[in-house]
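The two complexes that follow have chain A in common; it is paired with chain B in the first and with chain C in the second.
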Partner chain A sequence: MAITSIKNLKEFSTVNERFEGAHLLCPGCAHSMIVRELMNATDDNLVISSATGCLEVCTAVYPYTSWDTSWIHIGFENAASAVSGAEAMYKARKRKGTLKDPDAPVKFVAFGGDGATYDIGFQWLSGAVERGHDFTYICLDNENYANTGGQRSSATPVGAHTTTAQAGRVSYGKKQKKKDMVAIMAAHGAPYVAQLAPNKWKIMAKGFQKALETEGPCFINTVSACTTEWKFDPKDTIHITDLATDTLMFPIYEIIDGHELNILYRPKNIIPVEEYLAAQGRYKHLFKPENKHVIERIQKEIDEKWEYLQRREESRV
Partner chain B sequence: MKGVLPTDRRGVRELGAEDLVGWDEVTHGVVLNSFDGIVEDVAQVAPEERPYSDFNSYTATVASWRVIKPVYNRDICIDCQNCWVWCPDTSIISRDKQMLGIDYDHCKGCGVCVEVCPTNPKSLLMFAEAQEPEDALAKWPEKKKKEKK
Partner chain C sequence: MADKMELNEVEVWDGNYAAAQALRQAQIDVVAAYPITPSTPIVETYGAFVANGYIDGEYVMVESEHGAMSTCVGAAASGGRVATATSSQGFMLMVEVLYQASGMRLPIILNVVNRAIASPLNVRGDHGDMYAGRDSGWVQLDAFNAQEAYDLNLCAFKIAEDVNVRLPAMVHQDGFLTSHTAQNVSPLSDDEAYEFIGDYKAIDEMLDFSKAVTYGAQTEEDWHYEHKAKQHRALMDSYVVIDRVFAEFKEKTGREYKRVESYMMEDAEVAIVALGSTVETAIQAAEELRENEGLKAGVVAPRCFRPFPFEDIQEVLKDVKAVAVLDRSCPMGAMGALFNEVSASMYTTTSRPIITNFIYGLGGRDFSLEDAKHIFREQKGHADVGYITTQIQQFSGLRGPKLGFFESKRSK
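So, the complex of A and B:
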């Protein structure tokens, strides 16, 4: 069984792509960068299910499909259930000896946006992880329901303007904290849980390979910068993601077996969060004098989280 | 699936008794085949050799989305493959560790490849869609000298 070499980018680039162009995602969308990276990180056969969301809607516009692998879309909530059903059937048929090629390696992957993961598909994902199916769930976290016009989700961070948590005279956008999905999935006792970002392609490809190789349910939360709803220029997708990881808005780390936490990327210079907020249109109201306390709150929460992660890493509990 | 079902004036299918299925039967959704015929192991077949079907979005184009397009300058490129790894539209054609060019059928002109290009001057630059590549290459900027502080 062959796993693609990711020693350096030149070797990585020799893989044969299995995700085709001319899908209808926005120019500069990070979703397709993440999907390409996952599909290029392995040579194995893939069985993919997608929850409803930008990715599903844009890659399977009738009569076209952008996937050169087995791919299914069913509902908003049940990407995890669909892929666990496929995995259970694969195991059963392997046991009965009715598979055409029983030795061919097959990996099961589910994609969901943050709406499908944090909110609508949460119970289904929790169930699939609890049952212990051998699959990898990848959350493409763009922090809102981008497909339907940018409504707030429970992944939307404090202070962000969305169409259902608007910033204006009386409000500064979303007031509630973002749900810590990585910690929730780690608490399920999943063997591999991680938070990754597409700008660090090597860490990301390694994380994907690790998740695919690990037997049992794996969860990966990926940062997917959304040019349309975060309101920045399409060409800046990687720049914004760089800012997200260097301000520690999105720390990159993994949790193995629910307790062993490793920080995978430590920025050399930690940038103040203002720079990340100023680069995006959805935060522009925070720079009014009356909203200064929100930026202070965001910075304080980031510092606390980073301190917590570092202590968790040291203590190995 | 059971035969062709009657349709009303607008061509919409009416549900009839024959549409109802038992608890142990399955109705198929829409199945789109990416390839004509069977490809044994897609990951081992180069895109040029794949028998793409008409359903595959590879056969479609989004070229009309572009207002600006990236132009590639082979002379400056160092084949770092940064553009390849971050292209959201699978539009950077890269074979045997070499960057060959841009797939203008699938490029949407987002400009990510230009932003991540590390050479000086950049080996990919954005130009107006109507600009001829030869004219664009003739206008390529000179190497920028580092400013002393």
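So, the complex of A and C:
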């Protein structure tokens, strides 16, 4: 049964699973929480495409599969194309009357990491959204190419250490700002775009349901804390995600029809970003005296973004 | 329901239009495409059919050829008939997904209007793109004129979708020479064409929710090899179905296709092996040489580039003394691919004719009747003395100094 009727996490843990627990994702990886929650957000049949990445390599190693639903993986860049092909075929066959069960309700979903979404699959996603296919694209944003051992992506934040944007004697890690994918997808005019996090699971479930129920292409960026590359203890995934949302490093909000912005979570006490950074190995070099300016820059950019989001929300435009 | 189209017994169509008509008659569920010269008119014509009520399926105009083939893969895994068209750079952008389509055993039909590959940029026909597909696991059928482009499209659906094949298939035609040259084409009626192809048979489809399917799994050293070997076997064995479909097509239309076409080979002393529209040039040259010079020339043309008709080549060339194999793709540091494959076929026989290689027609350089005659006469020279009198690889029709490579080490 879909998650709508579930009141607490204990019940959540007993719902019918279409994503099997026996997968190869790291202990403490947030991917499986997000994927399971998406699949539990609806009772409809699902056709899912996955981009090459952690989720894909950990869930479909022949002769096993974790997917008790229709699932396809083609390549790193084309999950949005794969799902749009499936959706087009559904429309054609529905019209022609060749579906085995024409009344079975179905939702089309694509999963991609930030590598697949922000970088290599950007064009394919943009094309699929512009064409207006009825699908929901979920980005599992762990801010690096974790599947290949932690290289930079355009979702990697300023100051983070990755193997291709390293912190060293003369470097503080990544120099460039994170790409604002949520704004880019909203600018496509997608009917529903959001940024959600698995620690705020009720908000996330609602957002997923909204996306699945909205006709047309929807995009959701989810923060997926990466124990391996962010370097924290696997038991701390939700704690780290709490810090991400409560420092406003990851503000939780939605944009409807490309313009109507709603903030979905306001931390009671906004925590200084230092606390979030200090909890992860990928930022430890920022606490050297010569890198203090980077932490200041990160805090400043968070404050500015929060101010911007609040003004956008207030203005109702 | 889509409207039907009344066609004349003989239409004047170019290769692109002929292919588009065959796609319409196949009642495809999803066409996902991106236009590129010289295959653009296939996609445009199909779009006109959509706009005027002749198509029930979806027509998805995507953002790139990679996106086109990716969308085709997602659609084909969802249990319906799928096709697209491309050329040259578009083909090259698709290459990654060609392998994924065949690896997942999805019977997609791809019309490839052959064109040269940059750099330098060139929109004219050669076989660079066709050759780039030769290890991709697709059936590759080659049309030499507009009629064949139409016929082979109908056959391609029936071959690819057969339960014993379930592999994607390409139908090739030469850019401009075939794709933009209007010729007489005898089409089937809409009903006859569809009846020949038949309904699509969905297998392991993503839209049958009674059974979950996983497409595009990961296999490493434990299973990858077995998967690829099985796929190779399916392509090797597909000739049985190809032959059967060609036979059924002949029964319906009277038009006969073979995996290796041969012309005047019954008593031929020398032969040209070629692909594409060049075949018709070579046939005319052979006819004229036979009439005017008494030269027993013949022409051999693989209709089926993949699966490569290894044994049929052996059979058709077994009594020939000298063979010129023509490659319309620059091999870049090796002998031409068709030369290598024909040579491999013949080396494993006892007859082992003299075989030389010509590179020709790159980037749409004209291959004339005289060029073909010159090659035939040179073969006659080899045949008369019993050894290769020229370099083994030569460039035909190249301006500037003559270019060729390698001398024969066979006894003179």
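Quick note on the criterion: the second predicted complex is superposed on the first by the 304 of 317 C-alpha atoms of A that agree within 3 Å, B and C clash if a C-alpha of one lies under 4 Å from a C-alpha of the other, contacts with A are read in each partner's own complex, and residues count from 1 in each chain.
One rule holds in what follows: a residue touches a chain if its C-beta (ideal position, glycine included) is under 8 Å from a C-beta of that chain, and two chains touch if they have at least 3 such contacts.
Here the structure is a predicted model, which is why all the values come from computation and not from measurement.
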> Overlaying on chain A: chain B and chain C, fit or clash?
Replying inline: clash
> If you stack the two complexes on chain A, which partner ends up touching A:Trp201: first (chain B), second (chain C), both, or neither?
Replying inline: first
> Does the superposition put A:Lys178 against chain B (first), chain C (second), both, or neither?
Replying inline: neither
> Which partner does A:Phe19 reach: the first (chain B), the second (chain C), both, or neither?
Replying inline: first
> Should A:Arg152 be classified as contacting the first partner (chain B), the second (chain C), both, or neither?
Replying inline: neither
>> Looking at A:Thr65 after the superposition, I want to know if it touches chain B, chain C, both of them or none. Which is it: first, second, both, neither?
In response: both
> Does the superposition put A:Ser49 against chain B (first), chain C (second), both, or neither?
Replying inline: second
>> Just to be sure I read the superposition right, which of the two partners does A:Lys100 touch: chain B = first, chain C = second, or both, or neither?
In response: second
> What is the contact status of A:Ser126 with respect to chain B (first) and chain C (second): first, second, both, or neither?
Replying inline: second
>> Based on the A-chain superposition described above, do chain B and chain C contact any of the same residues on chain A, and if so which?
In response: 45, 60-63, 65, 67-69, 104
> Which of the residues in chain A come into contact with chain B in the complex?
Replying inline: 9-25, 27-33, 36-37, 42-45, 59-69, 104, 198, 201, 227, 233-239
> So in the complex, which bits of chain A are touching chain C?
Replying inline: 45, 47, 49, 56-57, 60-63, 65, 67-75, 77-78, 81-86, 88-93, 95-96, 98-101, 104, 106, 123-124, 126-128, 130-131
> Inside the complex, what are the residues of chain B that reach chain A?
Replying inline: 30, 32, 34-35, 41-47, 50, 54-58, 60-62, 65, 79-82, 84-91, 94-97, 103, 105-112, 114-116
>> Which residues of chain C touch chain A once you look at their complex with the stated criterion?
In response: 29-30, 32, 56-58, 60-64, 66-67, 70-80, 82, 96-97, 100, 200, 202, 206-210, 212-220, 223, 227
